[in-house]
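Single-structure report; data block below.
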Amino acid sequence: MPNELDDLTRRLRQFARDRDWEQFHSPKNMAMALIGEAGELIEHFQWLTEEQSYRLPPDKLEAVRLEMADILIYLIRLSDRLDIDLMAAVEDKIVLNERKYPVERVRGSAKKYNEY
Amino acid sequence: MPNELDDLTRRLRQFARDRDWEQFHSPKNMAMALIGEAGELIEHFQWLTEEQSYRLPPDKLEAVRLEMADILIYLIRLSDRLDIDLMAAVEDKIVLNERKYPVERVRGSAKKYNEY
Amino acid sequence: MPNELDDLTRRLRQFARDRDWEQFHSPKNMAMALIGEAGELIEHFQWLTEEQSYRLPPDKLEAVRLEMADILIYLIRLSDRLDIDLMAAVEDKIVLNERKYPVERVRGSAKKYNEY
Amino acid sequence: MPNELDDLTRRLRQFARDRDWEQFHSPKNMAMALIGEAGELIEHFQWLTEEQSYRLPPDKLEAVRLEMADILIYLIRLSDRLDIDLMAAVEDKIVLNERKYPVERVRGSAKKYNEY
């Protein structure tokens, strides 16, 4: 089934081809570029309390929004280079997570979140 | 306009609520979880040559696929916590990139990619 | 002047040579390995409040300690591959930071930390 | 036994205190700041081949050098906040690595490096 990430995948591939950039877009390099952007994202949050992180001032929110776009762009590019269907991967992961963390076991458990 | 990430956003939000996990899902923590997964992703590539990174053995490819799913899941969760429309953000970023890297200037330029 | 990081640098270089691993230790790969370890480090903190992060249970503290060792090991290896004197670099950075953040301007300023 | 990282630890602590910054320097935040710097480091390498990464142009090498200083600074700050002796941690980790990767087993083995 077609999905909207497919459309983005095609457009981002064309963007790279038009600029002769596919030579730089190995999976290894895409994984590096992705974490580089994730590093820029985290810099926006590192001195904020968790509370403050919910209400970013407008200019910071816009910067965060564009960092998140960069991350998704590199994630899509990486999925294209490895021929991975991202949406199917997420569906599979949700099923795995539902099995790993069944509601009845997790909810109301005294066990700490980070112990799972 | 509705999009398929909207559907995922709702389902992942419900998943967290069902487990009483929203208390842990501050934007600050989501940014951390995202880069943690990006770190797991990069570990799959760090000893491979760029060439090798294109042809991962099946078990490694499957592991990479699920790490990528985790990254998208946290990216969607973060967008939900900050009320950001990820698809619109990507569209805006593509426009910015087209302006920043016009084909005629980039293609065939002797300038190195990493100098842009 | 000799320093104790020099001694570590030599020992870690020998460790790699003894195993025929220097071929994998390009600066690019060392930077990847370093951030992979930093990702493992952050996973220990992502669900903790800032308060909780000061008092880790003993097993978690030990795990954090070894992740930090891994980061320093890769940092030293990278400095060796690029022939960088890490201690001199830190001294230079401290001077730069003292100029950038003079005590009289920073202390007691209403300006938020993250705006610097 | 005293070591030169001890001296740096004290100076960096004083630097933070003089600016009233210790309030922001929770272990959680230090781990974030560290990976943020590691992200800046990796951005210098992401479009380079492994070969190119050995011979950085002078301005890039200087930038990499200062990113590495930042990483060491945050690593030392984190060790201070958690009362961890970094040098002892590295010594312990080297012993663990020597046991995990004995020369006779690793060297000349057909097994790929990334399979260990």
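Labels for the chains are A, B, C and D, by order of writing; each one numbers its residues from 1.
Methods note: contacts are C-beta pairs under 8 Å (C-beta built on N, C-alpha and C of every residue); 3 or more make two chains touch, one makes a residue touch a chain.
These numbers come from a predicted model, not from an experiment.
Asker: Can we say the copies chain C and chain D touch using the same residue numbers, with more than half in common, or are the two sides different?
Answerer: Chain C vs chain D: same; shared/all numbers exceeds half.
Asker: Between B-D, C-D or A-C, which repeats the contact pattern of A-B in over half of its pairs?
Answerer: Answer for the repeat of A-B: C-D.
Asker: Give, as an integer number of Å, the spacing between the C-alpha centres of chain C and chain B.
Answerer: That gives a centre separation of 25 Å.
Asker: From the mean C-alpha coordinate of chain C to that of chain D, what's the distance rounded to whole Å?
Answerer: The separation of the two C-alpha centroids amounts to 2 Å.
Asker: Name the residues of chain D that each touch 2 or more other chains.
Answerer: 24, 29, 32, 35, 38-39, 42, 45-50, 113
Asker: Note which residues of chain A are touching chain D in the complex, please.
Answerer: 24, 29, 32-33, 35-40, 42-43, 45-47
Asker: Where on chain D is chain B touching in the complex?
Answerer: So the residues of chain D in touch with chain B come to 32, 35, 39, 46-50, 112-114.
Asker: Contact residues on chain B for chain A in the complex?
Answerer: 3-5, 8, 11-12, 15, 18-21, 24, 26-29, 31-32, 34-35, 38-39, 41-42, 44-45, 48-51, 53-54, 56, 61, 64-66, 68-73, 75, 78-79, 81-82, 84, 86-87, 89-90, 92-94, 96-98, 101, 103, 106-108, 113
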